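My structure is below; once you've seen it, I'll send some questions.
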Amino acid sequence: MSTETTSTVAHLGIGDRFRLWWDALARPTQWAVGVPFIVLIALLPIIKPPVLTTVGTDFAGVLAQFGMYALLAIGLNVVVGQAGLLDLGYVGFYAIGAYTVGLLTSPDSPWNQTDSWLSQKWAWLFALPIAIAITAISGLILGSPTLRLRGDYLAIVTLGFGEIVRLLADNLTTITGGGRGLSRIAYPIVGVSESRPTGYFSAGNNQAPITSGVAWFWLSIVLIIVVLLVVGNLQRSRVGRAWVAIREDEDAAEIMGVPTFKFKLWAFLIGASIGGLSGALYAGQVQFVIPTTFNIINSTLFLVAVVLGGQGNKLGVILGAFVIVYLPNFFLGRTELFGIPINGNEIANYKYLFFGLALIVLLIFRPQGLFPARQKLLAYGREVYVAARRAALALTRPTSDETTGGSR
Amino acid sequence: MRRSTPRLAGMAILVTAGLVLAGCSSKSAGGETTASGSATAAGALAITPLVQVDASGKEVKSSGSSAAATPAGKGGAKCSGVSIAMAGALTGANAALGINILNGLTLAVDEHNAANPDCKVEVKQFDTEGDPQKATQVAPQIVSDTSVIGLLGPAFSGETKATGPIFNQADLLSLTASATNPGLTKNGWSNFFRGLGNDNSQGGAIASYLKDTLGYKKVCVVADDSDYGIGLAEVVTQTLGSVADSACAAKVKTGDKDFSATVQIIKDAAPDAVYYGGYYAEAAPLLSQLRSGGVTAAFASGDGSNDPEFVKQAGDAAKDAYLTCPCGPAPDAFATAYKAKFNIAPGVYSVEAYDLGTIILAGIDSGITTRSDLVKFVAGYDGVGLAKSYKWDKTGELASASTWVYQVK
Amino acid sequence: MSTTPHDPAAGSEHGDQHLGTDEELVTSDTMPEEFLPDGGVIETVAVDVADLHPELADAEQVAELVAPDRTIRAKVGEPLLQMQQVTMKFGGLTALDDVTFDIRRGEILGLIGPNGAGKTTCFNTMTGVYRPTTGQVVFDGRPLGRTKRNEITRLGIARTFQNIRLFSDMTALENVVVGTDARHRTSVPGAIFRSRRHRAEERDALDRGMALLEFVGIGRRATQQARNLPYGDQRRLEIARALATEPKLLCLDEPAAGFNPAEKEDLKGLIRKIRDDGYTVLLIEHDMRLVMGVTDRVVVLEFGRKIAEGLPAEVSADPAVIAAYLGVPDDATA
Amino acid sequence: MSVLAVAGGQLLADSVISFDLGALARNFWALTIDGLTYGAIYALVAVGYTLVYGVLRLINFAHSEIFMLGMFGQYATLMLLGFGPSGNAYSEGTMMTIVYLGIAMLGGMAVAGGAAVGLERVAYRPLRKRGAPSLVFLITAIGASFVIQEFVHFVLPKLTGGTLGGVNAQQPIRLVQASDVISFANTSISNIEIVIVVSALTLAFAADVFINRTKFGRGIRAVAQDPVTATLMGVSRERIIMLTFLIGGILAGAAALLYTLRVPSGILYSGGFILGIKAFCAAVLGGIGNLRGALLGGLLLGVMELYGQALFGTEWRDVVAFVLLILVLMFRPTGILGESLGRARA
């Protein structure tokens, strides 16, 4: 069956093909396949599969970083992939999220609250929603004057915004510590025990199997699932359709009754809050923020993740984020691969060269990204699409030639 | 395109001709060129040690390297499966420093292994790219590698801040050859030792030297935006006191190459000296722009600028610049061996890395097999190395930290 | 290419003819490169709506579902939209000069004129793309003034575009649902938490969307991407999308451009059907034959001025109109 | 602290940002002249952005890398001429210095122009053939930017035995010693500043003449206005696009030489990035697609940046630039002169 499908539906992207298959499964089957799959992913840093496990860096730590980048990619995808607004300064929101947590909970900060009303134990968790709210507000502040600008202007303005955020963090030394950064940022203190005196999430927790990296990876998986549900619900609603309509033809969308400015602002705001969430995770995991982490090059790297994965495709961009984070780490410190001696550090060193080349080649041959998929924009109507698929299968059978009468 | 190319080329030549003419008139108005003879190379200039001072700027007599401990030890030590980890930026923009340290350590270990055939110690290198998040991913790898008995690193203060708790909980010796932020020893990490004076001692030394020994009355302190530069500039400003002019205290960014506004501010203030807290990549263009902007004040900077590259980039402008370093000059024998092995001259912290490597190796040779024993060994260590004598106080700072003042001549 | 009417139970009145590949060939010439199915997702499959929604097999039922469901102040036959002395200037150019006419509820009004007569400008003024320099547009008793474009749509004016402007990455059904969204009120919070209203609106959108596709005759194309539809179906989809906003007034901007005579016949039928379903239609057309065949009244523009208004037969006999059209091939686009 | 500085206030309570009017007032003319010098360089680079944008509606994100290659191009040319890294300026005599600088500029122009055309061929043309959406072009440009930077960072030193490229800036070759030519009221203008401003303005003027007066220029404007009609009228779009990239590259190469006169130690793999962004800002400020706008935007940005730096402190330079950009766009959404390559947009 699968071979027949591929032969006639040759233009279907990998992502589409996967979704056709997925949609056709019954709900219980979906659960039966999906849950173990996620559990398997979550257990990766504990199983440490050979070859896959990174050599020079902690596999769990890499996966934790992947989790944060995946969130960033999902958030940026809302803005770029769904609403078609080119944001080159997304790293600014990441920074604002991280710095909000840092400013509220680092002893280096003049606004440190952990001594007063915030208990050290729950400080991170309290700071999290505040970080999200503040990034959302900053998205609003950036968006309301600039979203009336045309696409190319928006690109440079957002790029400027990203730089301004970093430079503020760098220059306002009395508040942010400037280049010295903010250290000893709070993290959730959970599961304190003899062997883990500071709990699971502390950077100092290196007690296998659940090391700090594993704990943060799991936390980010949970957050990714929540964010995917939220973004998915939005996508399959009036909001998501408005975004795609704006992306496709903003004027036509406006004339079809879409309040384009309002929904562009929403896209910006939602993208910003997800970026802020990821930033807050970063601050908690690394417990240290400095401005250089939020260089503009990271913005372009996030964009690369979105484009690699296939813009608009939520799961695709997660894979894009994985590629961005994992590949350089895969080579780092590796001296041989499948028995062939390689200089992994050298290869890792060239990561931007490879990313650049890969982007150019990919965009020439697969401009839709590695895993393109068309978004689903309807909350209901699955049956219509399943019927279409049935009809497609009917078409592929050589015997049923009389397709004109429908597929009955 | 074929048809248009010659025309375009012609056009370009015309443009250039116009430009030449335009330049001609301006140049003849300028009239003079300062250099004598053609193609004077900067090769004549080098960073030469001037004096060794303590934190208050007083001269200290050099402790001479004749009695220095050698990595070879007595020979015949026995050990197996032991390795020393080195963590720092080995790739990326900040790699130079990490590689200096790695090379110094490698040299020590190789000498040791040659003299002790029954105790082959391995160097394991871990690349942090100087990025705190990367460092938190690297640290668990180091800790969980059971053969690693001690760590030389991390190289930068930022990544040390981020990874300190990890090494501390594992009680793994963390001996840094380059992280100079004073705050690092205030975290109560019993495993952390600094193999060189911190920013306080270095900054204090040069500030006192400028103020008291050289007798400057007005100094402009410029800092970059790195942890290192800010810290150093802060100490220098404090020690200088009223001599530091806050009106010309400028800030620059790492990566900047043109400093016209900074030069203007300094020119305006007409100071006796300019102190720069930061790295050579910015120090060199800053200095040469100061000079071409007509500022003749003395120039001083710290160990981040103390690199042959500084002289190469700044050229003749570098002449007479004061550069400090908590690190001693590389003894000739060391420099020769280093050059022979890596085909480059030893850089900043190479000597420290060599010395600290020697200390760890001495611990290994003395039969230490556990991480915590090594930490105890280093805490009680008292000996002389190539650069200086090493003995630590309870916080992990050197008991007596001296600073070398160099001058470009 | 045949237009034989067939079994309504098949669910589509116009489905068959579009399965031919010759139309696809026409398309590739007229469509911009990026719409070509290069690398895009193609679902070259027809779906039978009646299979899923049996009630949609019944044309009556479909018409019932599609019919507008909102209160209109103007009674049938009374003016729904009034152009009141509208003048539109672009720099030194006067595109509309003191134009006044009414569109009455329930009629099909034709707006004709030679190239450059100001038809599209007139149209854009009504739909809020341009704001008149002087004069005003009154819609259902309310001056449009500075009303935003998306609000005008929600007030009840919908339009199609001369050069098709579908959301090409969306399926036909999704395009129509975007139209229905103009009447919906769910925003971000409602969508995130799947509020009751959201769910009701989504169901309604789906039902109405399928019915609309069925109504304009492309129900079987529901799951195909707009960019992959044959040209004629794209035009029909634009009409369906405009109808989805439940307009009081539907404005069609040269809907027959690029059509062959047979397709034009079909289109006439569709426009009448729309009117019969309770909509008011404004038709801008170049093709006199189509206009004369379908409209109830005609307004003629020339050089930005109204030169005639009346029944099709009267207007086509008007010497001024004949003069205006002289030398202009009356079927330039066919 | 001057009297005026007392008048300067503190924006936030704990002196987070303070400003010093005195510094600005004292050095007003010096800052203006310095600003014009940088502005002229921004303007030349901005022309490349603007032309490509006008013709293709593409932000050529990799243009900053073209500029960077231009710096290496002129440096390599000087090395071929027998100059080596020098601590001091060579004294070749005024005439010969100018000749050498001219040759170096040609070298920079050749490398940058060639690279720009090559970039167009390798990266953008295949996309255009496939009719890719504009976002894809932009991302490709970012990818190309990575590739060129990393090429100079890692590959070039291997190819040249460490002579060119690598992690450190090139050791400067100084042909001209800065010396003050004109002095007035606490302000002096150096020979280098005069050379930069005059050369840049001459080149900008030449570009303007080329675009507005020549057949090729007409072709460029025609394609910018209406590619379809232009093609029908017999203008070869592909050729025009290549020409556009070539001109942009050549001007960037010229700007590269002028920049290295001012900042001899700026020749670094990452040395084009920020300058490129600034130049792009300049293009947008003036109205992207508008040649004269690029010039105006460049000069304005260069001057404002230095005023801002004097006013708020040296660390605020880039912030001033970006805030200026955002403010201008808020009030004039298509830049100061509006976007056009010889026409008004509908």
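Observations on the model:
Note that the chains are named A, B, C and D in the order they appear, and that numbering of residues resets to 1 at the start of each chain.
Simple rule for what comes next: contacts are C-beta pairs under 8 Å (C-beta built on N, C-alpha and C of every residue); 3 or more make two chains touch, one makes a residue touch a chain.
Keep in mind it's a predicted model, so treat the numbers as computed, not measured.
Interface comparison, A-D against B-D: more C-beta pairs in contact at B-D. The most central chain, judged by C-alpha centres against the centre of all protein C-alpha atoms, is A. Chain C and chain D have Cα centroids lying 49 Å from one another. One inter-chain figure worth recording: chain A and chain D are separated by 34 Å, centre to centre, where each centre is the mean of the chain's CA atoms. For the pair chain B and chain D, the distance between C-alpha centroids works out to 33 Å. Look at where the CA atoms of chain A average out and do the same for chain C: the two points lie 40 Å apart. Those residues of chain A in touch with two or more other chains are numbered 170-171, 349, 367.
Under the contact definition stated at the top, the residues of chain C that touch 2 or more other chains are 39. Each of the following residues of chain D touches two or more other chains: 130, 132-133, 313, 315, 318.
By the touch rule above, chain A contacts chain D in their complex via residues 80, 84, 86, 110, 145-146, 148-153, 155-157, 159-161, 163-164, 167-168, 170-172, 174-175, 296, 300, 303-304, 307, 311, 349-350, 352-353, 355-360, 363-364, 367.
Interface residues of chain D facing chain A in the complex, by the touch rule stated above, are 14-17, 53, 57, 59, 122-123, 126-127, 130, 132-136, 138-140, 142-151, 153-155, 277, 280-281, 284, 288, 313, 315-316, 318-319, 321-323, 325-326, 329-330, 333-334.
In the complex of the two chains, the chain A residues touching chain B come out as 56-58, 60-62, 65, 170-171, 173, 178-181, 183, 197-198, 202-206, 208, 211-213, 282, 285-288, 290-293, 329, 332-333, 345, 348-349. Interface residues of chain C, counted against chain A in their complex, comprise 10-11, 15-16, 19, 37, 39-52, 127-129, 148-150, 153-154, 158-159, 161, 165-170, 173-174, 177-179, 181-184, 186-188, 190-194, 198-199, 201-203, 205-206, 210, 220, 222-223, 225, 241-242, 245.
Here chain B touches chain D in the complex through residues 1, 4, 8, 11-13, 15-20, 22-24, 26-45, 93, 95-96, 225, 247, 250-253, 255, 257-262, 264-265, 268, 281, 284-285, 288-289, 292-294, 309, 312-318, going by the rule given at the top.
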